[in-house]
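Consider the two complexes below, in which subunit A is the common component and subunit B and subunit C are the respective partners.
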Partner chain A sequence: MNDFLVLIQEMLDNLGIDFRLEIVVEYFPFFLKGAALTVGVSLAGIFIGMVLGLFIGLGKMIKFWPLRLPFIWYINFFRGTPLLVQLFLIHFAVMNLILEQPNTIASLVVTLSLNSAAYVAEIFRAGIKSLDKGQAEAAHSLGMNKFQVMRYVVLPQAFKRMIPPLGNEFIVLLKDSSLGAIIAAPELLYWGRAAVGQHYRVWEPYLTVAFIYLILTLSLTYLLNYIERRLDTE
Partner chain B sequence: MKKYLSLIYLGLLLVGLLTLVACGTSGNEESNTTGSDTESDSTEESAADEPEEKKVLQIGTDAAFAPFEFMETGEIVGFDVDILEAVMVEAGYEYELKNVGWDPMFASLQQKDLDFGVSAITINDDRKATYDFSTPYFKSTHMIVFNEGSDITSAADLEGLKIGVQNGTTGEDAAEKIVGENSSTISKYETTAVAFMALANGDIEAVVTDNVVADEYVANNPDAKVEAITDEESFEAEYYGFMFPKDSELVTDVDAALTTVIESGKYAEIYKEWFGAEPNTDELLNAAE
Partner chain C sequence: MISVKNLRKSFGSLEVLKDISLEVQAQEVVVVIGPSGSGKSTLLRCMNLIESITDGHVYIEDVDITDKKTDINEVRTEVGMVFQQFNLFPHKTVLENITLPMLVVRKWNKRDAIPKAKALLKKVGLEEKADAFPDSLSGGQKQRVAIARALGMEPKVMLFDEPTSALDPEMVGEVLEVMKQLATEGMTMVVVTHEMGFAREVGDRVIFMDEGIVVEEDKPEEIFGNPKHERTKAFLSKVL
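Now for the complex of A and B:
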């Protein structure tokens, strides 16, 4: 520990606060490694979830009901069962059939993507439905086909309205990635738990981990605010 | 202006975190103050006046470690539970056994929310720094469980393999002694049960855990095609004890009752019931000294 930390430790001791900084220092490299994985897994989950979610959301809006049904039940399942159960199912049952060598990180990314796709689908649907029908009708009357109406008129406007709820979803997803600790994917909470396991002290590791999660979610919040401002036309 | 707002926001966050830290430690502070505050003094005295038998002891366990403690149709059962019952009857205490989980149990003991913990807890020096222990009530060693066909004959073979352990257990210590602390080849699981699931799944190639748990798993899962070996040279024998908060006054009472239970043959009875073998009680009593 360097002098500065020793000084803070002394200050804490004098205040009667039982907080051992050396545990935080010892595990800090692991926390950083874990945070990097948390960010990576979340970004992958957000990206894949958005792409999948767009198609599922559009699928749920198909007028012919037998075609609509699978999309409805996809959303029902992933929104209606606990994420931890989905993670266990996907890691211990589904990924086994796909991958020769099971990989906890891959399982985590797949679970987060599939789960967030269900929520994102509903957000997309809400965004598209919220637009005045006249917009699409006007575009049609200009001679645009269905795809062009979606691509150039509806989606760009709907997307702006979807940013706040999408931001919510991203933050939830980032925090939910901590469930990976249960199947021993070495993300941020996994290393927090490892530190607790070694020292049998809960405050130092978990407070540090909470603080790092907070930094990550706050950064995401500011980024989303920035995007929202950039896209604001008024 | 926006910039200042976010700075203020960050500041508030820090204050909030520090308050949390302070809250977490205030419990300890109270129990540390001795005699300086007259008010707290009088409450402590009145608590001491109550006859001790009336107090229901709060005991914590992590009931996911068959056959020592596990849930059977909603009730906590196991070797530890029966030993605890015998010891508490002997010592004349009322008690309540609660399934609180492994990590929370340590936290609660540190905060003195629990009177003691019974959960196949190995007595070691690391833990002795923060907690007190009873005399030993069980001797254990570690075992390596692996899928049939893996070429593992000793602990040294673990090097380079993917190993699973339960987080915060001595199985973890034993494995880390061989491949290095927080080595990337070690995966730490919530419970030993999940580690075994990961072994069957192929996430890991070996599980290091206490011998009785390993035997139980091998016996109960003939389809899992696993083998278990021990390595007396690399894995030291260890003893389980009841774990108390530091400086607990209960330790002497419980120790005396435990010794009686072992000497009276009650211990051997329970041991045979769970493990089907005679215990080496002399070894246990010697280890106590």
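Now for the complex of A and C:
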């Protein structure tokens, strides 16, 4: 520990606060590593979720109901069951079936992607439905086919409206990725639990982990607000 | 040019068009008038299948658009439509609004599309607004851009669905002026409107609709000067 931290430790001791900074310092590199993985799996989750979610959202808008049904039930399942249950199912059951040696990070990414796809699908659908019907009618009246209407008129406008809710979904996903600790995916909370296990101390690791999550989510919130303002002025 | 035969349209159990038949000749300006809810907008929207048809047939230049084998997108390029709410694409500039369908539907290249679009903007008196976004335009300007966009497809017929109903009174004139000019150039037009002055002055024929049927159709002088039906008389006495 450097002099500055020693000074703070002394202050804490004098105040009668039982907080051992050396645990935080010792585990700090691991927390950073874990935070990087947390951001990584969340980014992977939201991107895969967006691609899947677009198709599921479009699928849910199919007029012929037997074709629509699988998409509706995909969304029902992933929004209606706990994420932890989904994670267990995918890691211990599904991935176990596919891979000889299930990888915890892969399981976490797959679960987050599938789960966020369900939420993103609803965001897409809401974004498309919120557009005035006249937009598609005008595009059709000019001779555009369904694909062209989507590609050139509906989606560009809908995407802009989807950015704020997609950002919120990303923040939720980032926090939910902490469930990965339970299947020992080495993300941020996993290293917090490791520190607790080694030192039999709970305050130092968990407070630090909470603090790092807060920094991540708050930075994202500010970034999103900035993007929203930029879009408004356009 | 347009031939409607025994057209019926229902929304659920509500029948809004009851066995409508009518003809529109090439270069003719037909004005459809009638009270709200009479089905006149629905009739217009059936002519390019923006509204699905429950029963009957609509022919555009002898092509049955209700036939499943007809490529409706192909037909729609020949039938321009102007909406009450303008429906400009807000994420595109004025010029891009006009060139978009030229590029993606007609597959023209930009070198051809841009001068065409600019010429159309000049025609509707908005050449200086080419790079503006629709949000910065007045209602009348938006509607003129919408007319230019529809004309960009070089349609044979133009359908106008209450084109001035959403406009402030002082902007109605500039839109009607553009429409009058189109009529003089020989464009075939079907116009649903509440502008009786326009109907009288520009219309070759006026159709009065009420409760889903064509009550009366005749030359404007006859409809306005000598209406035959009680319902026509009652309607005209309210609006004139």
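Here, the second predicted complex is superposed on the first by the 231 of 234 C-alpha atoms of A that agree within 3 Å, B and C clash if a C-alpha of one lies under 4 Å from a C-alpha of the other, contacts with A are read in each partner's own complex, and residues count from 1 in each chain.
Going forward, contacts are C-beta pairs under 8 Å (C-beta built on N, C-alpha and C of every residue); 3 or more make two chains touch, one makes a residue touch a chain.
Just so it is clear, the model here is predicted, and its values are computed rather than measured.
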item	value
First (subunit B), second (subunit C), both or neither touched by A:Pro164	neither
Which superposed partner A:Pro82 touches (first subunit B, second subunit C, both, neither)	neither
Touched partner set for A:Tyr190, first subunit B, second subunit C, both or neither	first
First, second, both or neither for A:Pro70, with subunit B first and subunit C second	neither
First, second, both or neither for A:Phe92, with subunit B first and subunit C second	first
Partner chain(s) touched by A:Asp132 [first = subunit B, second = subunit C, both, neither]	second
Which of subunit B and subunit C A:Val202 touches, first, second, both or neither	first
Subunit B and subunit C footprints on subunit A, overlapping residues	none
Complex contacts: residues of subunit C adjacent to subunit A	48, 50, 73-74, 76-77, 79-81, 83, 85, 87-91, 100-101, 104-105, 146, 149-150, 153
Touching residues (chain side subunit B, partner subunit A) in the complex	6, 13, 17, 20-22, 24-25, 28-29, 32, 103, 106-107, 110, 126-127, 130-131, 164, 167-169, 172, 182, 184, 187-190, 194, 197-198, 201-203
Interface residues, subunit A side, partner subunit C - complex	132, 134-135, 137-145, 148, 152-153, 156-157, 160
Interfacial residue positions of subunit A with respect to subunit B in the complex	16-19, 30, 91-92, 96, 101-102, 104, 181-184, 186, 190, 193-194, 196-198, 200-203, 207, 210-211, 214, 222
